[in-house]
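When the chains are written out, they are named A, B, C and D in that same order, and each has its own residue count from 1.
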Amino acid sequence: MKEILGVEHLSVTYTDGNRRIPAVNDVSFTVDEGEIIAIAGESGCGKSTLITAILQLLSPDIADITGSIRLNGQDLASVDPELLRRMRWTDISLVPQSAMNALNPIMSIEEQMKRIMAAHGTMPTTRDLDKRIDETLVMVNIQPRYKKLYPFELSGGMRQRVAIALALMLHPKLVVMDEPTTGLDVIVQRGILMEIRRLQKELGFAVCLVSHDMSLLIELAHTIYVMYAGRVIESGPSREIYRTPKHPYTQGLIACFPPLQGSRKVLEGIPGSPPDLGQLPPGCAFQPRCTQCLDICLAEIPVLEKVSSSRAVACHLYPSQLTSNTGESTYDRIS
Amino acid sequence: MTETTDIPGNDLELLRTMRSRNNQSWHAFIRNRTGMTGMLIFLLFVALAILAPWIAPGNPSAITMNILIPPNSHYLLGTTAEGQSVLMQTIWGTRSTLLVGLSAGALATLLSIIIGVGGAYSGGLVDDVATLFSNIFIVIPGIPLMIVLTTYLHHAGVGAMILVIAFTGWPFGARVLRSQTLSLRSRDFVRAARLSGEGTWGVVRRELFPNMLSLIIANLLGTIMYAIGAEVSLQFLGLGNINTVSWGTMLYWASNYQALLNGAWWWIIPPGVCIGLIGGALALVNRSIDEISNPQLAMSGRSKKRRLRRKLA
Amino acid sequence: MTESHDAPILSLEHVSKTFHSGKGTLIHAVRDVSLVINPREIVCLVGESGSGKSTTANLIMGTETPTQGVVSYRGQNLAQIRTRSAILDYRRHVQMIFQDPYGSLNSLHTVGYTVGRPMQIHHLVPSINRGADQILRLLRQVGLTPPSEYYYKLPYQLSGGQRQRVAIARALAVQPDLVVADEPVSMLDVSLRAGILQLILEARESAGVAFLYITHDLASARYIGDRILVMYKGRLCEEGPAEEVIAHPHHPYTQALVEAVPNPERMGQPEEIIVTPDLNETKVLGSGCPYYPLCPVATAQCQDTMPEWTFVQDQHQVRCFNAAPLSMHHTS
Amino acid sequence: MTYLRRRLLFYLIAFWASITLNFLIPRLMPGNAAEDLMMRMHGKVSPYALKALESEFGLAQHTSLLTQYGQYLVALAHGNFGVSITYFPTPVIVVIEQALPWTLGLIGVATVISFALGTLIGIWVAWHRASRWDRFTVPAAMFTSAFPYFWLALIFLYVFGFLFHWFPLAQAYSSSLPPALTVPSIIDIVYHAILPAFTIVIASLGGWILSMRNNMIPSLQEDYIQLARAAGIKDRIIMYQYAARNALLPNLTGFAMALGFIVAGAILTEIVFSYPGLGFLLFQAASNQDYPLLQALLLIISVAVLLANLIVDLLYGRLDPRANRSGG
């Protein structure tokens, strides 16, 4: 399948006087045509920074960005600003985290849609434009007569649908969705998720879904990348990650959700708190919270390495197949 | 927090730890060069006012024969049309201007607190009336009202002038403090304090006031600026006691003796520059308070850090 | 489930709360709600935004007064608690935990002060400083260890999970009988939620505190709760033992809620698409069942009449015309 | 109630309040200013005019306060403010009618220019924040707005009028060229207005720049700006149509609130330039203790500021869809 987005060794480091805050560290992944990939992580894991970097919205004077981002075959670092502007929304679009704040409060839905179309100069006549707006709204289950309304007149779910409609206006090849259902009521949330799945099937765009909600990601995505403290610590097909999570953090994340069926086992959760990106612990960033911590974890940052054809994990519990094949660690467990 | 966000979904944790470093306001203020510069200038004038009799001993109004002498080694800032030393008058004038400015500013701020905070905290009809009152007083122009009031008072004395300025200077602050009180009042930590049994006064004293302090100080500084401007204006119009020495009366006499048409710029410049310096100093302090509580507005040098915060927000 | 023979701590009898909107219309935030909370019991109030669960919490905390009906604490009508000392006494026994740990702590107060102040108000300690021992013990109890390290910290030095632990410590500081917890984990990182839920369970075990746990998340309600009450647009529509309600939801709304929970087990499976109209598109409600406009099995009757409670199991009751009464289950 | 109705109601109340304040001031102030005035007026004016003065200043002690208030309102409705002492025996209303256009022209135009210019500069420096221009503009704006209007007026008058002879030193028109709708006359009037207008603009510009910048910077960080960027909308459109349009709303409110202050400063400017507007009149009335004129001026200025506020509010209602629909 054709690659839409290729991120290679992407690192983003914020500079704050003498402090350097590595928000994203050596992240690589690809999104193919029509694929749904997910980036899972909690607050402070760098996923927002990752999205902002991919969308080329980070200004270089606050952050050092290394690595490369390929969109539709073009290296974004070498694309000139005007071409980049035209690639936006036709190649890659965004459903933002909080549609509450992501819609311009003093513009009607219609006007916001028109502005996007106008920016890309694709609509010859007003009638075509109106038709396109109506079609797009119908697509996300909003009656076209609502297009005259302003964001504050819509419910949370409607606003989120409008945000999805905006993202789909120019039939992009890739839609980045940043927590598209967070903050919505469960039933509305379910409706939106199914809307996304249906539209994705109909229109065939690729999705890069970002969320903290593992159960939702597992249900929706083909491939999952789990992030912790700015790094991808595990990746693989969602089904496999759910059945056999390898990294202790992933295991913890999946065990965090109380099940709706089956026995009521005691939830462990993950002790401690996510680290401050500016003050990472030595060695593996997860080491202070890890229940399976080894001596080496305190000293050495584990590298993301393949453990099977489809899966990779960055954890000293799974020594690289290339260097040692013993499967069992030679280090003693310390806890 | 907006009511829609269930999870701090982006890198909020990082943002919070960074922003919070600024929360230790005093340290932040002392480290803030803008604010300290302003504070120093302001304190310099306060010192000048207090120490006037030692710095410039003698009677600043004393009339001499040396009229309208340009600045020279003896009269550093020249003399007036009545032969008084402009330098002495400027130094002594600090007293009256600062006295009126500070006390009228403080009084007006007190009124703002009582009407704004009191109204908002009581809610209901009290708040409605208080709000209506402040809104009406905001649209009634202060200086003309003051001119009328002082005219009736026939050359208002210091006390009357303070009262008149305070009377017209409170509504803006009341409005700002009211909205801050309303927003704090609905915050969960205030509700939590009430639910843990804290009484009304306890909530105000222990929860609201500490959180409003920076706004109250900012408002006080703004009101002092306003009061100084008003005092100088009224004195300039000759509506106060024209025989006191103040920057306003200096300008009044300068204007009466047509100082500029006589080329006596040295008579006009010093009081204006002093007013500008004090006003600028207070604005600097205010701005640094603003920057500390709202880092986005910062202008230079360390703007990178702030923009970083914004990015993460 | 903890069965208790004690009298209930708190009860609501046919409580309604109506607000006036600015436009002159009435908003029925809570309608005809009756519930009891027994000692040591964890009752979950499940509902979405606008269901009236927060108003219910306010009614219980006494910050709202019911338009109709009676809220009573150990048999005493809250509306009759007037004097400062009686109010204080009530505050001593019923406490609250808020949703947002970033907003519920005063950023200028240390952890020690935040936890110690309620103790001081209720004269459980002579002063905050002299109560440091008890404060430290409490901090340890909520998992802030070593407690002395947290005592002088300000909220900004704490993570969301730690803040929520401080908030819980503040609520437990006065040794209450009942704590109303308003979505206490929904704003926390997922990896921290289990710890907070565990803390609530421990508080019940060790201090015998009862909880009203308000949430929109059925899974956590099932995990923590003894009983579940489902609320929709101001009305309770289903009530029963937690396990039972989720395994056998009878009300169409509860069924929809159960359906809507993300479920990894369902991954990749094709799904029927239920179009869920947004809440603001539904018609203004009459006297009937509030779920009528969205209900797949609604009849004309549902529009006009609010169904009465029907027992479908021993302690499991539903307000729906379609619910088959207990006796019929037994016969069929 | 809709936004518009609520605002109109407020302005009615504010109007009533300023009328009543005007009625109360002479009655509440200590001293016997009004009696003093009557003494000076006796024999100079007709008994009818005297009676009007009596009712205006509350000297007719045989009538109750309520009756006085009634008489005051009736006189007001007829535009009867009594007779000016300074311009004896011209009725106050006539004196004011002559001065009003000058003030409206000068202060109105200067204020609008200053607001518009300040807003534009504010948008610009906020967009280029932390640039060289921003670093220069912010302190400069803070510095200029710290000086009193009238002092700047004195300095400008000295520099541009006295030293350089670029502009006239006083008045609104040359005495040789009475105001008329002819080209030379209009040029003359504009020529006279430039320096006072410049003073007002310079003195108030800094405030607008700073407040627009302060409103604009947070608005630039809103999510919808990020989204617009991600959507490939051009910078220029984001800057004006997205960020500035939103930031302008709080700035307009600020404009309305600051109007009273601006007008006060402008009035003092008029005095320095001997510009024959309301401010200069106010100064003369104060110097001569011309109470009838003083009272009428206070009322007129208050009403003018009220009306300006009303206009700003109407504009706000048009610009912010939330104001109209969510009102209630």
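Here is the rule we go by: a residue touches a chain if its C-beta (ideal position, glycine included) is under 8 Å from a C-beta of that chain, and two chains touch if they have at least 3 such contacts.
The structure displayed is predicted, hence computed values, not measured ones.
Undergrad: Using the touch rule from the top, work out which pair, B-D or B-C, shares more C-beta pairs.
TA: Pair with the higher count of C-beta contacts: B-D.
Undergrad: By CA centroid distance, what chain is farthest from chain C?
TA: It is D.
Undergrad: Could you give the separation in Å between the centres of chain B and chain C, each centre being the mean of its C-alpha atoms?
TA: Using C-alpha averages as centres, the distance is 48 Å.
Undergrad: Which integer distance in Å separates the CA centroid of chain C from that of chain D?
TA: Taking the mean C-alpha position of each chain, the two centres sit 56 Å apart.
Undergrad: Chain B to chain D: how many Å between their CA centres?
TA: Going by mean C-alpha positions, chain B sits 22 Å from chain D.
Undergrad: Give the residues of chain C that touch two or more other chains, as numbers and ranges in rising order.
TA: Correct list: 159-160, 189-190.
Undergrad: Give me the residue numbers in chain A that touch at least two other chains, ranges are fine.
TA: In chain A, 43, 52, 97-98, 101, 156, 212, 274 touch at least two other chains.
Undergrad: Identify all positions of chain B at which a residue touches two or more other chains, and write them in rising order.
TA: Those would be 5-8, 13, 17, 304, 307.
Undergrad: In the complex formed with chain A, which residues of chain D make contact?
TA: 222-224, 226-234, 237, 241-242, 245-246, 249, 319-322, 325-326
Undergrad: For the complex, which residues does chain A have touching chain C?
TA: Listed in rising order, the residues are 42-43, 141, 154-158, 185-191, 193-194, 197-198, 212-216, 218-220, 238-239, 242, 249, 252-261, 264, 266-271, 273-274.
Undergrad: Within their complex, state which residues of chain C touch chain B.
TA: Residue positions touching the partner: 61, 63, 84, 87-88, 91-92, 95-96, 98-100, 102-108, 117-118, 121-122, 154, 156-157, 159-160, 167, 170, 173-174, 186-190.
Undergrad: Please name which positions on chain B make contact with chain C in the complex.
TA: For chain B paired with chain C, touching residues are 1, 5-8, 13, 16-17, 19-20, 23, 187-189, 191-199, 202, 206-207, 210-211.
Undergrad: Would you tell me which residues of chain C are touching chain A in their complex?
TA: By the definition above, chain C touches chain A via 48-49, 159-162, 189-195, 197-198, 216-220, 222-223, 243, 246-247, 256-268, 271, 273-276, 278-280.
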